[in-house]
Amino acid sequence: MAASVRSGKAGLPPGTLMHIGEAKEHTPKISIIDYNPTHFQEKIAQRVEECFPFRRKKSITWINIDGVHDSNIIKDIGKHFGFHYLLLEDIMNNEQRPKIETFEDHIFIVLKMLNYEQKEVVTEQISIIIGKNFVISFQETEGDIFDPIRKRIRENKGKLRKRGPDYLAYSLIDAIVDHYFAVLEKLEEEIEEVEESITRPTAETIKNMHLLKRQTISLQRSIWPLREVVSGMIRSESALLKKTTAIYLRDVYDHTIQVMDTIETFRDILSGMMEVYLFSVSNKTNEIMKVLTIIGTIFIPLTFITGVYGMNFDFMPALTWEYGYYAVMMGMLSIIIFLLLYFRKRRWI
Amino acid sequence: MAASVRSGKAGLPPGTLMHIGEAKEHTPKISIIDYNPTHFQEKIAQRVEECFPFRRKKSITWINIDGVHDSNIIKDIGKHFGFHYLLLEDIMNNEQRPKIETFEDHIFIVLKMLNYEQKEVVTEQISIIIGKNFVISFQETEGDIFDPIRKRIRENKGKLRKRGPDYLAYSLIDAIVDHYFAVLEKLEEEIEEVEESITRPTAETIKNMHLLKRQTISLQRSIWPLREVVSGMIRSESALLKKTTAIYLRDVYDHTIQVMDTIETFRDILSGMMEVYLFSVSNKTNEIMKVLTIIGTIFIPLTFITGVYGMNFDFMPALTWEYGYYAVMMGMLSIIIFLLLYFRKRRWI
Amino acid sequence: MAASVRSGKAGLPPGTLMHIGEAKEHTPKISIIDYNPTHFQEKIAQRVEECFPFRRKKSITWINIDGVHDSNIIKDIGKHFGFHYLLLEDIMNNEQRPKIETFEDHIFIVLKMLNYEQKEVVTEQISIIIGKNFVISFQETEGDIFDPIRKRIRENKGKLRKRGPDYLAYSLIDAIVDHYFAVLEKLEEEIEEVEESITRPTAETIKNMHLLKRQTISLQRSIWPLREVVSGMIRSESALLKKTTAIYLRDVYDHTIQVMDTIETFRDILSGMMEVYLFSVSNKTNEIMKVLTIIGTIFIPLTFITGVYGMNFDFMPALTWEYGYYAVMMGMLSIIIFLLLYFRKRRWI
Amino acid sequence: MAASVRSGKAGLPPGTLMHIGEAKEHTPKISIIDYNPTHFQEKIAQRVEECFPFRRKKSITWINIDGVHDSNIIKDIGKHFGFHYLLLEDIMNNEQRPKIETFEDHIFIVLKMLNYEQKEVVTEQISIIIGKNFVISFQETEGDIFDPIRKRIRENKGKLRKRGPDYLAYSLIDAIVDHYFAVLEKLEEEIEEVEESITRPTAETIKNMHLLKRQTISLQRSIWPLREVVSGMIRSESALLKKTTAIYLRDVYDHTIQVMDTIETFRDILSGMMEVYLFSVSNKTNEIMKVLTIIGTIFIPLTFITGVYGMNFDFMPALTWEYGYYAVMMGMLSIIIFLLLYFRKRRWI
Amino acid sequence: MAASVRSGKAGLPPGTLMHIGEAKEHTPKISIIDYNPTHFQEKIAQRVEECFPFRRKKSITWINIDGVHDSNIIKDIGKHFGFHYLLLEDIMNNEQRPKIETFEDHIFIVLKMLNYEQKEVVTEQISIIIGKNFVISFQETEGDIFDPIRKRIRENKGKLRKRGPDYLAYSLIDAIVDHYFAVLEKLEEEIEEVEESITRPTAETIKNMHLLKRQTISLQRSIWPLREVVSGMIRSESALLKKTTAIYLRDVYDHTIQVMDTIETFRDILSGMMEVYLFSVSNKTNEIMKVLTIIGTIFIPLTFITGVYGMNFDFMPALTWEYGYYAVMMGMLSIIIFLLLYFRKRRWI
């Protein structure tokens, strides 16, 4: 949760770079891809300084940094590329909401990647900076989600090599949003599993239902601002986002809406399941009570009657009568028949 | 659900045409109607190339394609008529939300057709492209919903032949929206059926109620964006939509609102039914408990009394008394009368 | 419900006049009132053609048509006065939502009249067309709601004769909205009746509560768009609505808001009643259980004790003891006292 | 409720003055205060005509009328000061919502005064008309809420005498809004009282809770439009409201928001109380059931065992065994111990 | 609560300074820090007059006043610095909502500080006035939240000394908002604690859950307007807020949103906990009833049978039969087996 780690920063001057989020240990990996329609270069930088020369190159450079917990790297990049301190702070603060911020010569975008690991939706923050001839992307951990894009650049498939950094950024965002569908798919399986177990609910069932509900809510909360980010890019008047890219972004926007709709549907299904569950519990209680009441109503009075004739009074009329036993038994039988008819009339049996 | 099929596309370059939705096998059927006030021609194209010459003809051409799962046909049409790759992708993605997109020389509209099959509302996607002198419509399967429009063109009834492609598009949309009422009618019957069964509810009843509720919700979700599509057409400034058509579109808009209102009413009725059902279950539990409590409260103490006089102590005063039995019986009778009066006072009986 | 009749029209060309709504049989009645400050003429037209000359007269003409199921009359009027086909369609479609539509030389308004008949709120559609020197109003059935207005024109009371057709239209709308209060009054009585019966609820009570709730919801839905209609008239820039009439329309608007507020209050009261009802049912179940538990907890163990001493073992120590009976009785009495104290401590009795 | 009296007016021409609201009998009291920084005059008018000369005086006049049920007085004032008929109608209609209406040479404001009388929030309508050099205020009954303002004028305290009629009107509104806090305070006491009684709830408790909830709702409804009135005054472009008064009105606006917030908090507290109450009832039912079940589960089987050995068969093995009784007693004791352990395991005891 | 103290002011002229809120006794402490990039002076003022000379100094002065209950100090400052009476009133009214008000030569901001003391979220009002070369801040009590800022000025760390009063004000607001995270963190611990105790709920649990819910609601209410304050500062066109500070305020705005999101999440978690709790109570009741019903259904009929054979009739057939006892015992055993099978079929055991 945001609160726990965030509070440690209270009182520090703004711009003090400090990683906020789960602690990460691995060494950040910096990969550089430089390309134009005819040229292609790919390398893994050993030191952050290796990125700097690409700032001045005319070709398009994509610098991808896996790991944002090393403030030195972030600071060095910030200093060299001229990013505002608060922007760097946002990159390192993994509790950041998705947002878009437009600066004079670069656009800063924060997004959330989703992964479904061990019945939990895990979010990872991805920051993208679009410059005039570069895109810098920051991931918390190394992931393979951008691999198809790398391959498309490498093999010069599609339009990627022919277009600018805004199209590359679009491709990255598109890959992230497309990956949401995979997560939704897994969530859907989970929901269906719980749905099947609802007919024989255990204490687990309620907990699982609830866990799923909480996950859809937190999902909704992290995707909602994404919509604004994408529509912010579409409506942006920055020269860094070309008009020809807008139609692709509109496509991403449609997908985002589709994701929202699917999550909304999940919520409805889960709410419905809870309602049905509550209904069936109160229905079952009713059923159980009915059985007890039928049994009780029939046998408690009868037991009373046998009790009467079990009393040890010396002077009791019926006891010595030859047919007394049979008369009482018939009487009790009539009570049973009468009650069964009564219950049938009331539709209890 | 959208998620399951959609995720297979993650990472592919945009514009890779792939059918998203339930797999379809049949060969797409391409029917062409070409007309102007005085001229009429109708044919079934064997090959997609037969459509192309109509692009240049001055008369109005309506090309209807039943089946969107063959990416070659879609691609060929797209190439010849100059449609954007993403537009073609949308046609083939049957999970698309209703939307309108305005291009320079054509308008792209995505709609949902509804059908009620085997207690399920089935949606089918219909895409319509309005050009300067043509309308191209895409359906997932062959349907007879557009037959009356074909007949009107053929027989030159109404204003269809005298007006432009925008009026034809309006007629198609109008037919789709009008068909919604038929689906609502069937849903209404279903609701009334459940409503009747609610007085003697079974486990089925809750499930049915819930199924209907989920259907109204998903219906609402697919009709809601339709409203925006129609109002988008009304407010459109594209030259392809003439002002004289706007009044007809406003009529469609009114119908859309009416559909929304009816669905809203369905939801209210279903919510009400669920509430009434929950009320009556808890009411019934109450009734059942009352019966058990009355019986128990009367006979449990009485049974205790008979138990007392059934004990085998050698020295018990009352047992040998001649009227002991009668005295105890009278005592128990008074207890019964007292309790009955008490229950009456409490309005339990 | 709208759906059931509406669907019969699917596929027909727009402008095909067909009555939508409950079937009506009576012959439409056409009454004409023609007036100016000094002149007054009133007549019942036998044939629709009698209305036509008034179109050209300088004096103000109010044509009121009771019955909209005869498409010939509607069509004739439409043709002569130059109304759009879709407008005529709306007049005959009694499922139409309240709305205002501004044409070049007339304004078309659809409203809902309310009546409270046999515990049901019945809506009737009233269409009003305001022309340069005429007002045409359409009612489903003959009603006496406009009689006071006729009388005011006839007797030249108030400002009606001195003002234009917009003021006449305002008077009609005002009469309709004022009549809402009468319906609300009856609904209020109904609610109060149910409220009184809530202390001794029967199965009827829940149903009645629910019926009333559904009625308030449907009322709200038909009055909500009315607000927009009236505010549309106020903000209208059509020359047909003079600025001097706006202040009167603002008064009607205030009344509409008041009606909305009252209905909102009704909903709150009904929701509250349902809550109180649910509370009291669960409270009662609790009370009933308490009685059973107290009786059971006291007498079930005691009966067990009598059972013990009712066993027929040959060797049982206490039975032959002279004070055995009294000892057991005292023991049981102490148990009773102990339990009563325990229940008191737990505040059960 | 608004509906009951309001409907009597249906069909009357607009501007027919008729008092709507609870019938009032007392003779209206007209008090006049005339002042400027140096001059002060105060008098009780015997006849309404005594007010008229003040219209032309340069000094500021405050005419306060206690009682709005006498249509003659209202009509006379209206005629002399040139108020619209509908405005007069609004003054006499005590079901009017708070509103502001701007005329050319006066501003008309309707507000609600609140009083807390016998556990009921009572609303009283106050109408204020701001003219160029006068303020006319209408109250339903005589109240002492404006006395401090009279005193401030009389004793020339604060800025009242130095400022215009808009500042006087502000002072009146401020007094009304400040009085809301007194009502809220009493409501708060009431809520706290109910909150204390919730641990030992009676049938009364639910009713009281519900009554309070309904009161907060109706309070909210009458204060909500007040917000718009005050913000309407702030944003007003009428010359009658000077810019220097706007900052004071903003202060009133802040107080209105504070009132809204407090009522919102009340609603939350009441909803919470209801939830806690419902929780504790179902919790208690659970507790009660647990006691019955423990007792029943232990003693019903035991009673059965005693029943077995109480049967009168001639041939029963154990009965004649010397230690039979003790064996059975030990057996039953083990059952008790076993069940107690079982219940402990299930955390029932 | 606001209502209780506020009402005491009803009727007083505006601008009468009176402390509203909990009574405070301590003597207000006035600390002054005066600085520019090269100069630094810090002192504790003994008398309010010591602040006045700083108004004219070119360097930036931060006057912090701990304690707002002494109306003389507030009045003196107001008079010397030229603040409006209503502004001073707002400073002393601790029930004030967060707000921003722009005057010609100063900006007035009201904020809420949060503290978590003894399981309660305590709010404290902080007012900040930004002038051309000064910032005056008012706190209810002395707090150490601004100490890091004092230290930063003193030690000339960060940009504080280099920037204007707007940056100082931003730093104060940032410190306040950052402190919210600490409060949220404590609230989170509290929630987790209750969450753990939910499996073995006591009467306390419900109360705690409810208390936490009420706190999140009141938290939400006090933070909601803060959002508007910060965005008001960002959009402000006052020359007192420089454009270079806007980016820092945007950062604060982001944090505010994050706080809102976290609180929203808390509410969801609490609602979920309540639902789960309610579910498990009704589930438990169901379980308990099942046990009772199983025991009752088996043993009540059996006890009846033993009762039958315990009757003392002289003529009963089976009693004298040698195997009668065994036959009855076998019969009862079969009943038990039958019922156990029945319960298993119904999935009760």
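For clarity, chains are labelled A, B, C, D and E in written order, and residue numbers in each chain start from 1.
Operating definition for what follows: a contact is a pair of C-beta atoms (placed from the backbone, for glycine too) under 8 Å apart; a residue touches a chain by one contact, two chains touch by 3 or more.
All figures in this text were calculated on a predicted structure; none of them were measured in a lab.
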| item | value |
| --- | --- |
| Any chain in contact with subunit C as well as subunit D | none |
| Distance from subunit C to subunit B - Cα centre to Cα centre, in angstrom | 26 |
| For subunit A paired with subunit D, centre-to-centre distance based on mean C-alpha positions, whole Å | 42 |
| Per-residue overlap in subunit C, given as positions that touch at least 2 other chains | 282, 285, 289, 292, 296, 300, 303, 307, 310-312, 316 |
| Pairwise touch network: line, ring, star, complete, or other | ring |
| Chain order, ring traversed from subunit A with subunit E following | A, E, D, C, B |
| Of subunit D, residues touching subunit E in the complex | 145, 147-149, 152, 157-160, 171, 174-175, 178-179, 181-182, 184-185, 187-188, 247-248, 250-251, 254, 257-258, 261-262, 264-265, 268-269, 272, 275-276, 279-280, 282-283, 285-286, 289-290, 292-293, 296-297, 300-301, 303-304, 307-308, 310-317, 347-348 |
| Subunit D to subunit C touching residues, read off their complex | 1-4, 6-7, 9-15, 84, 86, 89-90, 95-97, 99, 101, 200, 203, 206-207, 210, 213-214, 217-218, 221, 274, 277-278, 281-282, 284-285, 288-289, 291-292, 295-296, 298-300, 302-303, 305-307, 309-312, 316, 318-325, 328-329 |
